[in-house]
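Same chain, two partners: chain A is paired with chain B first, then with chain C.
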Partner chain A sequence: MKTLAPIVAVIAVLAAVPFVVQSNATLNFLVVSLMVALAGQGWNILGGYGGQYSFGHAAFFGTGAYVTCILQVRYGVNAWVGFGAGIAAGAALGGVIGALAFRSGLRGSYFALVTLAFAEVLRIIASVAPITGAGVGTLIKLDLGAQTFQFQSRAVFYWVILGLVGVSLVIARLIERSRFGVWLIAVRENEDAAEALGVNARSVKSVAMIISGAVTAAAGCFYAQYFLFVDSGIAYGTWISIEALLTPIIGGVGTVFGPLLGALVVKSLGEGAKLVTGDVPGLDLILYGAVLVLVIWVAPGGLIGGLAQLRKRLMRGATRAAASTQGAGHG
Partner chain B sequence: MAEPLLAVDRITHRFGGLVAVNCASLSAMEGRITALIGPNGAGKTTLFSIISGFLKASEGTVRYAGKDITGEPAHRLARRGIARTFQIVQPFAGLSVRENILVGAHLRHRARNTALAAAEQIGRGVGLSDLLDRPADTLTVAGRKRLELARALAIEPKLLLLDEVLAGLNPSEIRDIVPVIRGLCSRGTTIVMIEHVMQAVMSLAEHVFVLAEGSVIAQGTPAQVAADPVVIEAYLGHGAAAKLGTSHGR
Partner chain C sequence: MPVLSPAILVSAVLNGLLTGAVYALVALGLTLIYGVLHIINFAHGALLSAALFAAFFAFRLLGIDPYVAIFLLTPLFFAFGYALQRFIIGPASHRDDRNMLLVTLGIAVIIENALLYAFRADTRTIDVPYAFETINFGFTFLAVPRVVGFAAVFVVALALWLIMNCTDIGRAIRAVAKERLGAELAGIDVAHVYAMTFGLGTACVAVAACLLIPNYYVNPSVGNAFVLVAFTIVVLGGMGSVLGALIGALLIGVVESLSGLFLGESLGQIGIFVIFIAVLLVRPNGLFGARA
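For the complex of A and B:
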């Protein structure tokens, strides 16, 4: 239980926000940030802990979003069931892509390219297939109610996405503390050495990909319920692939809180830039790129890694200072 | 005579047109230390990689504990109890020494607490007590070799394949680690070691196989192979044994 205490504390603090902040615009900003944090946590489980850098997590986000939408709109399935099915579909897709990519032994940039290709192929299919509404997209009919997973109040949506983020934090923490997590990190550090110690690298990576796909798909499912509209450019667009990898890398790759911190920072910067310059298209992307370069340059471990380094340096400085004063005293 | 724990039978391995291992056979008796020596490029590491499942042999079979294990993947062989170290050490650079050993310890201990306890005990056993919380990439060469050994031991192997764990160590470091290896053997672990440090081979191994240009050219006790003219020629070149013999004669 001790290991989960920081997560409980962070979620409790964030849960109080709607009591303080009433502005719809602010809540909307936080909801979207948390949604990106959730997608980023999915990426982090595979990329951060497992070292398998995906450029195509839109494949999972979009699949979650579309499955939720299509089941409700075309088959009259309950929204909550649709939500669960969307997550399951993300997990299944993770299993399929993982099996194909890892069976062929794709590593590094080849793996990244394959995931990118999957996302693009899915985007193209979604933009022409009748079942997804092709170019028009799919609209979920407005029908407020707890049963339809549609809420008038932004605060309720905020608590829903915060709950999902909380679950994703717990998942990441449990992975960290488990044998599976130790093996996943070992595969990231050195696949051959891990194999020599009895780690079945392919199956470990595949399981990570399934969990990763499910978590990122949950963000997509939430998107569909929150905005009630999905088209191929949103669901399978590169924007979400980029944000899903940007948030953990900036926040702290392979750490529990990295994606959450990264999402809040990245999204705040994006909004801040918009406030200053107005709605110049693409400016947020330029800013993201600049921040990414800066973080990789200054603190390759992301903000959390950078803070840890800074603390270590300060502590070392403090002990050295103490030692030198002691030495001076002796002299 | 009892069946050996490891029996490598007429293994051949080709890298494209290059025959790295040519119809090599060797065996390791349970509870003993067997050494594999030979000049650089003889195919020793290739043979280890085949035994431990990192390479698939072109021809031949590997039997372990009475079973044919030819072609089984490395992780499954590790579960069966075959551990190897790497000649070029392969630490999990971003992790601490303790975490490195933990990866191996988890193979036999699912729960984190027992695995951590096992990792710590093994770390102390190879003399890494003071370095357990250091990042693996800050270790010296000697430290890395010990870590390589500790990680392999963490999977509680029956058969331990040591690929030049003494290379790059100074004489005093070698003196420190030789008893560790002997201790493992006395506790029942079967060891096959590739080694260039002949002083260690002579003092540790009971049986020695000599590999040259992919083939086993000699085997026997350390004293026998050291005196074997074929072995001397393999190391020093054609005619060397005769020259050494005549110089001895005078």
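For the complex of A and C:
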């Protein structure tokens, strides 16, 4: 239980926010940040721990969003069931793409490209297929109520997404602590060596992709319920693929809290840029790109890695200072 | 299903080849960079958008014909690409492939949104007098700018081949591509070679932009459409293979044109991605790629 204590503490602190902050705009900002953190955690499980950099996590986000929408609108399925089905669909898609990509031994850039291609194929299909509402998109009818997963108050949505993020943090921590997690990290560090030691790299990566797909799909499902609208550009657009990989990389790739920290920092930067410059299109994204390049340049391990490094350096400096004063005393 | 007279089919294939030639120009730069630096340059599309804007304003503001602008923009973009790799991508990525991938992605986001910020999302075109002129081949008509582009791609490919095979820098590039450490020990400045390669790849993009602009349009995200296709071509032809990129591009051009004809305009590009995924899954080293 001790390993989960930091997660419980962080979630508990964040859960208190709506009691302090009443502004809808601020809550909305936090909800979107947490949604991106959730998508990022999905990416992190595969990319951070497993070293498989996907450039097309929109495939999972979009599938989650569309499945939730379509089941409700076209088949009258209950929203909560739709939500679960969306997550399951993300996991299934992860299984399919993983099986195909890893069976062919795609690694590195090739894997990144094939995930991108899958997201693009899905986007094109969604933009013409009648079931997705084609170019118009799909609108979920406004019908407030707990049963329809639609809430008047932003705070409730905030707690829902916070709960989901909490679950994703626990999943990441459990993976980290498990034998499976050790295999996954071994595959990231050196796939051939891991295989030589008896790790079945293909199945380990596939399982990671299934979990990853499910977590990112959950963010998509939430998007659909929160905004009640999905179209192909939103669901399968490059924006979410980029945000999903940007947040863990900036926060700290392969760490439990990296995606959450990254999402809060990146989103705050974006909002900050908007406040300073007004609503000029493009400027916040310029900042995104610059931060991405800078973080990789200055702190390749992300903010969490950078902080750890800084602390180590300070401590080393302190020990050295202590040693030198001691030496002076002896002299 | 359209009525398929041979004339329609032939002109669809020919048009596909002409489109493929432009794709080839974009893909050549990409495959060159991949062959040497072993990274996928995600900034390629944004650089193409930037080059298209440069060609657009060269014509609008300075009255320079796009075909003349080639000689102006190519060295300019070469220098830009060189500086980008030498002073930003190289130092920022600490020689880690994954970092390079992300740094180029970051640069792509910066360039694309800087263009959006400066010029807004409007789509712009130029009108040169020869934009809609066609050449009559007897059985079909082909637009002049596209025929020029088709011819130019072979000139560019030849120039690249000459640079790679007959100059010192070409030899150095090939040495680094084959064995970086060995080349470094032999006294080759690897950072310089990387930057030269990136510069050459970016120069290809400038040529592509000048050939495209007479009968194409420009907006901040226009390059993305090309670059996804160019990725496909590079993979199809075997990453790092110039000949593969050339043949792959022509093939993809025809596939797009034919699937547009059979499936309709909006689904035209899906054929490309399906081929892409299929090739990656069946022959990950591409049609002409060396075994990894």
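Observations on the structure shown:
The working rule: the second predicted complex is superposed on the first by the 331 of 331 C-alpha atoms of A that agree within 3 Å, B and C clash if a C-alpha of one lies under 4 Å from a C-alpha of the other, contacts with A are read in each partner's own complex, and residues count from 1 in each chain.
In the analysis below, a contact is a pair of C-beta atoms (placed from the backbone, for glycine too) under 8 Å apart; a residue touches a chain by one contact, two chains touch by 3 or more.
Here the structure is a predicted model, which means the values were calculated and not measured.
Set against each other, chain B and chain C differ in how many residues of chain A they touch, and the higher count belongs to C. Shared-chain residue A:P6: touches no atom of chain B or chain C.
Legend: residue contacts after superposition of the two complexes on their common chain; A:G317 is shown touching neither chain B nor chain C.
When the shared chain is aligned, no partner comes close enough to touch A:G163: not chain B, not chain C.
When the shared chain is aligned, chain C comes close enough to touch A:V128, but chain B does not. In the superposed model, A:G272 lies in contact with neither chain B nor chain C.
Shared-chain residue A:V182: touches chain B; no touch with chain C. Of the two partner chains, neither chain B nor chain C is touched by A:G145. No residue of chain A lies in contact with both chain B in one complex and chain C in the other. If you check the complex, the residues on chain A that touch chain B are 177-179, 182-183, 185-186, 189-190, 192-201.
By the touch criterion given at the top, residues 53, 55, 100-101, 103-106, 108-110, 112-114, 116-118, 120-121, 124-125, 127-128, 238, 242, 245, 249, 280-283, 285-286, 288-290, 292-294, 296-297, 300 of chain A touch chain C in their complex.
Residue ranges of chain B in contact with chain A, taken from their complex: 52, 54, 73-76, 78-79, 83-84, 86, 90-95, 99, 102-104, 106-107, 110, 112, 115, 151-152, 154-155.
Touching chain A in their complex are the following residues of chain C: 34, 38-40, 88, 91-94, 96-99, 101-103, 105-110, 112-117, 120-121, 220, 224, 228, 231-232, 235, 239, 266-267, 269-270, 273-274, 276-277, 280-282, 284.
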